[in-house]
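See below for the structure under consideration.
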Amino acid sequence: MKRHKDLLLHGNEACAMGALAAGMRLFAGYPITPSTEIAEFLSVELPKVGGTFIQMEDEISSMGAIIGASLAGVKSMTATSGPGFSLMQENLGFAAMAEIPCVLVNVMRGGPSTGMPTRPSQGDVMQSRWGTHGAHPIIVLSPQSVLECYTLTIHAFNLAEKYRSPVIMLMDGIVGHMWENVQLPEKIEVIDRPEPSVPPDWYNPYDNLPGGEIVPLVPFGEGYRYHVTGMVHDKSGYPTLIHEEVEQCLDKLIYKIKNNLHDIIRIEEYMLEDADICIVAHGSVARSAREAVNIARNEGLKVGLLRPITLWPFPRFHLENISKKVKLFVVPEMNYGQVYGEVLKSCPKRAVRVTRVDGELVTPAQIMEKIEGAAL
Amino acid sequence: MKQKNDDPIHIFSRWCKKCGICIAICPKNVLESGTAGYPYAARPKDCIMCGLCDIHCPDYAITVKKNSDIKEAEHEET
Amino acid sequence: MIHTSETMYKYLRPDKKFPHVWCAGCGIGIVMGALVRAIERTGFTKDEIVLVSGIGCSGRMSTYLDFNTLHTTHGRALSFATGIKLANPELNIIVVMGDGDATAIGGNHLIHTCRRNIDLTALIINNNIYGMTGGQYSPTTPMECKASTAQYGTIEKPFDICKLVEACGASFVARSTTYHAKMLDAMLSRAIDKKGFSVVEALSQCPVQYGRRNKKGSAVDMMMWYKDNSLSNPAFKKIPPGEVGEQFPVGILVDLDEPDYLERYSQIVKKAGGDRL
Amino acid sequence: MTQHHLCLSGSGGQGLILGGALLAHAAVRDGKNVTMTSSYGPEARGGASRSNLIISDNPIDYPIPEKMDIVLAMNQESCNKFVPELKDDGILIVDSTLVIHHPPIKHYSIPFTKLATKAGVVIIANVIALGSIIALTDIVRPVSLKEALKERMRADLLPINEKALKIGLREGTKLKKNIDEYYTY
Amino acid sequence: MKRHKDLLLHGNEACAMGALAAGMRLFAGYPITPSTEIAEFLSVELPKVGGTFIQMEDEISSMGAIIGASLAGVKSMTATSGPGFSLMQENLGFAAMAEIPCVLVNVMRGGPSTGMPTRPSQGDVMQSRWGTHGAHPIIVLSPQSVLECYTLTIHAFNLAEKYRSPVIMLMDGIVGHMWENVQLPEKIEVIDRPEPSVPPDWYNPYDNLPGGEIVPLVPFGEGYRYHVTGMVHDKSGYPTLIHEEVEQCLDKLIYKIKNNLHDIIRIEEYMLEDADICIVAHGSVARSAREAVNIARNEGLKVGLLRPITLWPFPRFHLENISKKVKLFVVPEMNYGQVYGEVLKSCPKRAVRVTRVDGELVTPAQIMEKIEGAAL
Amino acid sequence: MIHTSETMYKYLRPDKKFPHVWCAGCGIGIVMGALVRAIERTGFTKDEIVLVSGIGCSGRMSTYLDFNTLHTTHGRALSFATGIKLANPELNIIVVMGDGDATAIGGNHLIHTCRRNIDLTALIINNNIYGMTGGQYSPTTPMECKASTAQYGTIEKPFDICKLVEACGASFVARSTTYHAKMLDAMLSRAIDKKGFSVVEALSQCPVQYGRRNKKGSAVDMMMWYKDNSLSNPAFKKIPPGEVGEQFPVGILVDLDEPDYLERYSQIVKKAGGDRL
Amino acid sequence: MTQHHLCLSGSGGQGLILGGALLAHAAVRDGKNVTMTSSYGPEARGGASRSNLIISDNPIDYPIPEKMDIVLAMNQESCNKFVPELKDDGILIVDSTLVIHHPPIKHYSIPFTKLATKAGVVIIANVIALGSIIALTDIVRPVSLKEALKERMRADLLPINEKALKIGLREGTKLKKNIDEYYTY
Amino acid sequence: MKQKNDDPIHIFSRWCKKCGICIAICPKNVLESGTAGYPYAARPKDCIMCGLCDIHCPDYAITVKKNSDIKEAEHEET
């Protein structure tokens, strides 16, 4: 490894660079610690590539603006933290319902409420899944390093376009605010919005295509006039209350994710082959966990790590497979146990949690304590 | 409610909601309310083709035109 | 003369949604007619027009017209529209909002869009009430009126929408009414052609939720009230304060020449050495 | 020893975050792995702002240094606050201009702020300190830090900072050689 | 039963009447279907009792205003539906963090996004728990009838005052919009804010009292000057970042609920003694479920019903107890399975769901289908 | 002469939070001094005062003063304050907000509080920037200024806060600066005594996030700039438009006599046959 | 039979929700259990608004009637729409003023709207219909509906509505007696 | 930076952030910056007790008063 070719990047900066690499050309946001560097970086860089940076009056309008931009055919993004994420929930639900690709970065800080703005947390894991009313499926990614802030942001845009869905980059405050050496990949895959395969008159933006194929979203202004609404709609986009159409509209949101779990879900396994104990951890906590695995292995304990990179949809089936082999799950988090709740759904009797909410990263020692406690 | 074919006023009652605006707005008192409440051209001869009923009908249920009308209008406006 | 109904048939979406959802006598249909005439006059093709609307009776307009249409969340239409415009400056964007949509929940977006001078056309249909949800008072309901949440009469000073947007920096501000439907389409086509943020306030009767409760008579009576109380702006300005009563000015109230946001942004792109698509 | 844990601390305006980034950048040029976290926000305005670094030959998992090999304290408050994080055999380096009460442990004192003022501007004290750290510990190569300066500094500020680096290196080297003169308990 | 003494009430009306009976004297809200009748009713009735009704500019300010009112010592409430509930999340988190009693009614309509405003749903169950950032514990009640719209609203205010917490009345659109005969209880229990037990100088509004006793919240203006913030705070209310204080502040939010589960959680059991199959259902769906139980019993099937009246904290321990006896849980809901997810945490292998999202109530027949399918 | 520092010691909370969090030379401390002098002058006891603040550097003020204090969510201070006032009209409520807090995210609450004329005193500390989050531009940052999100200069027309609230119906509007600290306390005590919604805009230097980036010099230089560019309102009005440049008026700009919301609401209670506590 | 399932349907302005509430109220006065749900919002403005009632001697669990014992259709659209919900032996009652195409099933036709117009105001057609339903089905006692009117109606509207009730009862009774005259297939 | 007890100007340097406002605002040029940057009364005799430094200090670190001052002030203001 020629590390001296590496760049030294800040997590937020890497995320913004990833967005640019993915072709994001409109950013709308409202400053909030600890996400602000993303906006600051892009306010400088977007004009250089002819893109648009706009600082909106609040988070609600930021979310609205990126949906609008995406409808006009431009990849768009916003970035925020907890309080702003709460405010974006209504429009986030709109994006999900109307199937508008876009990326929302939430750099998590200590909550609830104003909480601890400068302290990291993983407190918004459940909110990222359930924060809007009348829940909808969503894709949420969790990077563990500055490099992943870059690569997963690109991935987020790809998933957004591929599945016509908002995608959330859920970064904990450590990953977002860390500096780290990274070697940017030389080749990246960028998925752009596909061309429609039918002429305007045949176009139904919300059609249920056979085999679950997803209808390409044609940008406004290209001759495919159609209607977009947050109401339950039929295949052409008009509001409907007809039972079958309602079900089709809502089921499709579920199935476009569910039918593609293999493509959407990314996980990392570390030393799990022969493990008795499986740590489940994501984001910066996964780094503590990996260190804990190493320590444990040194002590002769058979410990491994499952790292959900895709947090939602949650890799339940991976977990269930692993649960057939391991005796215990240890779930360390910078919250009171949110991923832990998901683990419970697979293995209620064999999971313990390690929680930390004081604004510091869970340490390997804390994890080891639980492991050693269990191993006895 | 019958309309003769050469009447300039055409009422599409499937869309009409019987609000009465057209009747009230007509400066020449051409329209009247029929028995089921739908407007009809009671005095079509008085129509001066001002189009006020047309542009004030909230339901686009009333059209004022002669055959040659549309082309003239385009000329006038552009 | 553009024939509304004839013209309408060119722009209405060809499906079974008619007659539309609005109540008998509701002014929104008249406003929609004026909008279509205005667009027809500007000469833009359907593909070049984007109609963004909020939520409410007025907001339903986007469902009916054969443009690129977007029915957003309540109060947020201008935010979505801002995103569209900045992403594709070629598009002509008309944003239809109710008074509640634009000035209650959406008030902040309205004042900031004015300030930024984003090149959009806002059509605010002011029926002095929340129609869709059943007649609650809105920020434009006059003092001492009845509403479903003001059975004893309202006690809040209403906004004068035109004054508000003027104070916030809108480039073009005009007011018309459903009675003045022709003037309305003239104002709207001016507004659409205008570079910069334009606001057209269309006073529009809601005979069902506002009129009935406040004994304003039929839709026709309400339109006649508009006729009787409106004045041209110069005439209005001559009335001594204190004698204004319920009278209000119609016509163009503001028409400024200022660079719009995108014009200014292109300077930024230049400074940064970038290339705007 | 493949991992170095460092803490650069001082008050809000003293440029410790930039300092950390420069050091990290230099380490990357040396082919090392680096993580750096730092305090920010209004808390960092006051007396005790910090950057924490790990510099390592191997990939870094847990990214937060726990026990410090090196603590740089550029003012009294941060000295008081962060000395307890030092390893038993760790190295404390203090700005003797502003740190008046020496903690009762081994440490190097150098008057970074005074040196900076003498050199023209107080804000280069951070880079002087970096120079001295390097000279005292060999944690990164001086040439790499020079590169880092070049890549991270605004062009007009480069000369003065290069000068600062030199001063720092010189002071550090002096100290290393004349250990008795500065090395106090 | 002398039913002719009953009143015929609308669910929303009963909720508003319950609030008045509980002593609520300030309502701030923004109209939204299907909750608006609550505001409309109170706009007429509150002035009659000298209370305050105010229609705010949006839902965000409505939630802000009721928190302010409660701090000034007046019991306060707001009512909304999905889109408004999403907008209230940030300030709801504030109320939880600052421990301000207040009641928030969410009459659920079909979602996500604008969805189906006039169609009922139970789509906000998970949002009511996890909707705000940096999750916090919360109390959520679900009425099944118009009578319960009344009684549980009173209960909601009592819990709010007792536990210094926002409480959510989560009504589905059926219950909220149904008319039903009700016999109002002649005596109701109303818990008012207790007086402080210490003089001003000794008062710490966020103290951790021994035994988990909750410090009374003294209204502003009564000589107990203190600071209220949404930031993590010490016992006197000032922002803090000291680890132990942070933990105390956040832990207390959890423990004040957790230590009082027996008092907070209400459930109803129906025919569960000998049941093989347990239906878990709440709100109007519980009524379908009860009918299904009756049908099943007629067919000789041993089916019973567990109805969580308190949705959050979820009655997990009741469920676990029952799970020792029954073979299967059937969870019907007007969503894709939100309570179902909670049931999974106790019994992942023995739960099936009945979902309905087309805007209609789950029917007894739908439930029976699952039961009969399982019974075979 | 009221001695600020002496007076301050009576009102500052007796704990270890001093010196306060604001940067050296930041004007917020001067404004806080003026506020305390104003309150001292009104004669209200500490218990009768409620200080509500938003989030930002300015918002931190509520932490320091020994009143009933409430540090709300960003932009929402006026909503919380409205609830307090309506629940207990006896309390005197002062709402401290930054310019971003009050006019960006909180803009809607500001305009509606004006419209309703709720009897609150809003103190808007305008430092032309988002201080707390590190110097992003705010709705009051002048055109072509630099900010951490506007390295190429801002392109949005700033709000004139006083004009905005005047247009929305505030009862009392005044402006002062940290240079005019004495005038500021005079304005504030007038505002607190005023029945109805009062807004006092305090121009306040942020030497760190705004000044440094825009080469405005030291805190002292920024205060001198206030001195040099401010005029009394009558004097200001005499300047021919076009020659205004950067000058701005200070002093009382609006002072209306209108019933406030609670006065009107008590009429409602009467109509309903209720009894107001 | 202890449970009656009813549907009152018509267009938005015809007062079917108030009608349902009156019927429900009367049923409560009779000591029955009642649930009523109804359509609302903009959908209810158009041609097919409805109230659904269950009136029962026993507590009501599932609150939505599924198969109707009685359907009242006050206009054509609702007649078309809701007739399929009728039980095989259910009773359809239509406003013959507005329902022109009779569905090919047993039904009672009464010109409610015409009767209302004749009595002075069209808006009382709903109460006339209630009167007829009661007369035809005995679902609630007339005196209870009268009480309901008293308790739910604005005082100034009471007399005309009481008159409407009377007309409805009379027409219903007539029909019940002269079944051949009205009862059509 | 020493202050005589009869100086009217009292500087509490623990709170002072050395912003220099007091020095600049004094119309009589009484204050000066000391070596560590803290202000001190260089010409205390020139002080006219206007209090401008006092009300403009953002950190309440400077007080202008004589012994009898507070009482006088109260009289003046109320």
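Lettered A, B, C, D, E, F, G and H in written order, each chain numbered from 1.
The rule is short, and it goes like this: a contact is a pair of C-beta atoms (placed from the backbone, for glycine too) under 8 Å apart; a residue touches a chain by one contact, two chains touch by 3 or more.
If you're wondering where the values come from, they're calculated on a predicted model, not measured in any experiment.
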{"item": "Starting at subunit A, fewest touch steps before arriving at subunit H", "value": "2"}
{"item": "Pair exhibiting more inter-chain C-beta contacts, A-F or D-F", "value": "A-F"}
{"item": "Averaged-CA centre spacing for the pair subunit E and subunit C, given as whole angstrom", "value": "39"}
{"item": "Centroid distance [mean C-alpha coordinates] between subunit H and subunit B, Å", "value": "84"}
{"item": "Between subunit D and subunit E, centroid-to-centroid distance (C-alpha), Å", "value": "54"}
{"item": "Two or more partner chains touched - positions in subunit B", "value": "none"}
{"item": "Where subunit E touches two or more other chains, by residue", "value": "33, 44, 47, 57-58, 60, 83, 90, 94, 113-114, 117, 229-231, 241, 360"}
{"item": "Multi-chain contact sites of subunit D, meaning residues that touch two or more partners", "value": "41-43"}
{"item": "Pairwise chain contacts, counting only pairs that touch as defined", "value": "A-C, A-D, A-E, A-F, B-C, C-E, C-F, C-G, D-F, E-F, E-G, F-H"}
{"item": "Parts of subunit E lying in touch with subunit G, wherever the complex brings them together", "value": "2-4, 6-8, 33-34, 117-118, 174, 177-181, 284, 287-288, 290-291, 294, 360-361, 363-364"}
{"item": "List of subunit A residues in touch with subunit E within their complex", "value": "60, 81-83, 85-87, 89-90, 93-94, 96-98, 108-117, 119, 121, 123-124, 126-127, 129-136, 229-232, 241, 243, 246-247, 250-251, 253-254, 335-336, 338, 341, 344-348, 357-360"}
{"item": "Residues on subunit D engaged by subunit A in the complex (per definition of touch)", "value": "20-21, 24-25, 27-44, 60-64, 66"}
{"item": "Subunit A-touching residues of subunit F, taken from the complex the two chains share", "value": "55, 71, 73-75, 104-105, 107, 130, 132-134, 136-137, 139, 148-152"}
{"item": "Residue numbers on subunit E that touch subunit F, as the complex places them", "value": "25-26, 28, 44, 46-52, 54, 56-58, 60-74, 76, 90-91, 94, 219-223, 225-231, 238-239"}
